[in-house]
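Data block below; observations after.
We call the chains A, B, C and D, going by the order they appear; numbering starts again at 1 in every chain.
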Amino acid sequence: MTPPATDESAAIGWSRDDIARRLAQDIPHGSYVNLGIGIPELVARFVPEGRTLIYHTENGLLGMGPSPAAGAGDPELINAGKRQVTMMPGAAFFDQSTSFAMIRGGHLDLSVLGALQVSQTGDLANWSTGEADAIPAVGGAMDLVAGVRRVFVITQHCTKEGEMKLVGECTYPLTGRAVVDRVYTDLAVIDITADGFRVVELAPGVGFDFVQERTGATLLPPIQRTAAV
Amino acid sequence: MIDKRVAGPAAAVADIHDGATVMIGGFGEAGSPIELIHALIDQGAKRLTVVSNNTGSGEVGLAALLKAGRVRKVICSFPRTANSTVFPDLYRRGEVELELVPQGTLAERIRAGGAGIPAFFTPTAVGTPLAQGKEHRLFGDTECVLEYGIRADFTLIKGRCADTHGNVLYHRTARNFAPPMATAAGVTIVQVSEVVDAGQLDAEAIVTPGIFVDRIVHVPSPQQESALIAAGARYP
Amino acid sequence: MTPPATDESAAIGWSRDDIARRLAQDIPHGSYVNLGIGIPELVARFVPEGRTLIYHTENGLLGMGPSPAAGAGDPELINAGKRQVTMMPGAAFFDQSTSFAMIRGGHLDLSVLGALQVSQTGDLANWSTGEADAIPAVGGAMDLVAGVRRVFVITQHCTKEGEMKLVGECTYPLTGRAVVDRVYTDLAVIDITADGFRVVELAPGVGFDFVQERTGATLLPPIQRTAAV
Amino acid sequence: MIDKRVAGPAAAVADIHDGATVMIGGFGEAGSPIELIHALIDQGAKRLTVVSNNTGSGEVGLAALLKAGRVRKVICSFPRTANSTVFPDLYRRGEVELELVPQGTLAERIRAGGAGIPAFFTPTAVGTPLAQGKEHRLFGDTECVLEYGIRADFTLIKGRCADTHGNVLYHRTARNFAPPMATAAGVTIVQVSEVVDAGQLDAEAIVTPGIFVDRIVHVPSPQQESALIAAGARYP
């Protein structure tokens, strides 16, 4: 499915930094958070002043810090993307079975992931396009979505080619079924509810219909908060 | 800044509700969180299900909690010891329910509960009364039974030292059930005789990572069950 | 079943120390060993010169040492019998799930246990006499017999009341089915084989028939080692 | 006296047989036991099944073992990385079999293999292609699949320091799969850059107890995969 042809979509709505900043506002102080490789990592830059988050990297570290200064890295202190990182005060190392016990056992508060597709029932596809020639590789994505308490997806609303990513039903192989809680895109913040996609917030200057045209399932409008009921 | 310390044992256990399932660390007196248990007695919660390897000795700590009539059911591997009279009396009078579980199966069920594993197969206890009524399955030549993960509302354990993030170190064989129990409860409460700032512990040597710990209680000089019993103590 | 009435049985055969000494000879250097509470603990005193065994206690210590000097003990450094012990160079502490992973996973070479009854097929009963009024308590016995590579039983051949302990079929509740490899008693060393009880060695001055009369199933004679076949 | 040291990498891997299942520690280059892998290439064992999280980079270490045509099957979670061409080429040519397992399920299957747990239920991968054909069961509201423990003939891992009894400490995120893999093989071989006498390590801080380790190889200055690749190295 392809939305109406337009060149505006890149220019309007939130930038990638904006999306990350918007998402970061929704993470409470003291949360244990796993950020996926790529765009999700941006979130760490925009955590509001006064909040401390503790970052988990599934290869065996709680209390991960930012990239090391040039030349100060350790090739055996890396994140799940195999990039060198640092450790914060209070950090702890552990093995893979313990690391995924944290994940599967529901001890992490939040997992932030990218997506190829998210369905209106919260199905996520983010590990494979199912192409015959591709080398299948899944890593910890299926464990994260199955185990972490809340799963936020951060993604462009549509692909570069204009394909919709928020869909009625995923066509790519699933990472997990009914696992996504909320999606943050360049156009809107959207909850996955029992009734389907519900807009929580629109990016400045972006209209509801504009987002609906670019979404492959019915969007529900934001719930109006009235002063008294 | 993250600081999981609470004011004291009473504050730590204040919200344990009637009917709660509570895991309590310790193997005999080693690792028994006596101050937290005594605070729980003072707090008054009733009809508790207690998951613990033993049932306490004398009339202090875990035995005192039983004596106070707060425990509906015990899940354990070895409910009698040299100085234990409280549990045997209650059990013979039919006032407490017992689920007897082999020690290793108990440890693995607790670990599974904390690791999001709802059930697993184990060869332990096959052919014994403790396997009766359980689902059996053959793996190769080995017959196994299906056992289920256990989770609790609260876990009470004793460590030696914690940092403010809740990373915990233990003392010798007092470690026993504390690490798996720390993972398997909605709220994990640890009493330690020393608290340090985050960053003061060796990240390679941490036994229980802070993600598993919700509340830290500083008990500088914890009492030892055998010393209390030798002194003729009873609680309350 | 009761063997022929006799008062001799206490006086002849091996003493408890003798049995422990005999058993200790069969444990290779470097073995990882779990000794049950009570008589099995005696074995540690008789390990032949030049051999090092590493003792596991299921409450969380590998490299357990003997009892501490008076007044030097630590109430939180104890064995499975809840008695104070010491630690040897190379010792390691671990939690209960790791400790029983060692046991269940077949990492221990030998478990030495006492018995109420051992059957000719290697069934062991050692945790409960099944009395209605008894407080049931099992501890780690079922895990040990199910997981440890070899299981040796050390026991008097008959009870103080003269009841046979080596039987055709156990009447007490089982600890495990077909788990015992060898039994060391005051009268003999007996293997559990596919054909049943087979005598490996008789205590000095003890005859085969004497042992057979005190055993509740057929005893097979020792296999004769001939110089050439 | 107990001393599990062997002469060197070649002696350590000498008895790995054709067709063996070999677990190899490491997440990317962190924890990859390169010297043991290179010794295995020299040794020549064929038709290996390799259990490892990745498939190596460049043409050193694990990738070199694959390039040498020694591996029949790989069980892993992520067989491609930035500099990985060897595995993709072999896979596209149909010259190596792949069993793809979610990373946490892989870790848990290895732990289960080492802990005598033949199988367990997990919610991971339900509803995905990786759950197809597997036994499903509902626990409460959570659908799960049955997964089986994995055991190997040999495990090759890298630690930082070992004592002569085989107690092992690791270096930061190089720890990753080594502790569970150490428990799940008939013979566990660890290369470490430092060996000390028994009694020199803190008994509270040991990560892998010696009971899980069969052979220790002292490799004072282990090579790092990224440095070898940057230098254009290939093995052999």
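As a working rule, a contact is a pair of C-beta atoms (placed from the backbone, for glycine too) under 8 Å apart; a residue touches a chain by one contact, two chains touch by 3 or more.
Every value quoted in this text rests on a predicted model; they were computed, and no experiment measured them.
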Partner chains that subunit A and subunit C have in common: B, D
Chain centre separation (subunit B, subunit C; CA means) in Å: 30
Length of the line joining the C-alpha centres of subunit B and subunit D, rounded to whole Å: 34
Multi-chain contact residues (two or more partners), subunit C: 87, 93-94, 97, 100-101, 103-104, 146-147
Multi-partner residues of subunit B (at least 2 other chains): 108, 111, 115-117, 122-123, 170-172, 204, 207
Chain-to-chain touches, reported pairwise for every pair that qualifies: A-B, A-D, B-C, B-D, C-D
Subunit B residues touching subunit C - in the complex, by the definition given at the top: 27-31, 53, 77-82, 87-88, 91-92, 98, 100-108, 110-111, 122-130, 170-180, 207, 224-227
Subunit B contact footprint on subunit C (complex, rising order): 57-61, 74-78, 82, 87, 93-97, 99-101, 103-104, 123, 128, 133, 135-143, 146-147, 173-178
Residues on subunit B engaged by subunit A in the complex (per definition of touch): 1-2, 111, 113-117, 163-165, 167, 183-184, 197-199, 203-204, 206, 209-212
Interfacial residue positions of subunit B with respect to subunit D in the complex: 108, 112, 115-123, 137, 139-140, 142, 144, 169-172, 202, 204-205, 207
Parts of subunit A lying in touch with subunit B, wherever the complex brings them together: 30, 32, 52, 54, 56, 62-63, 87-94, 97-98, 100-108, 146-147
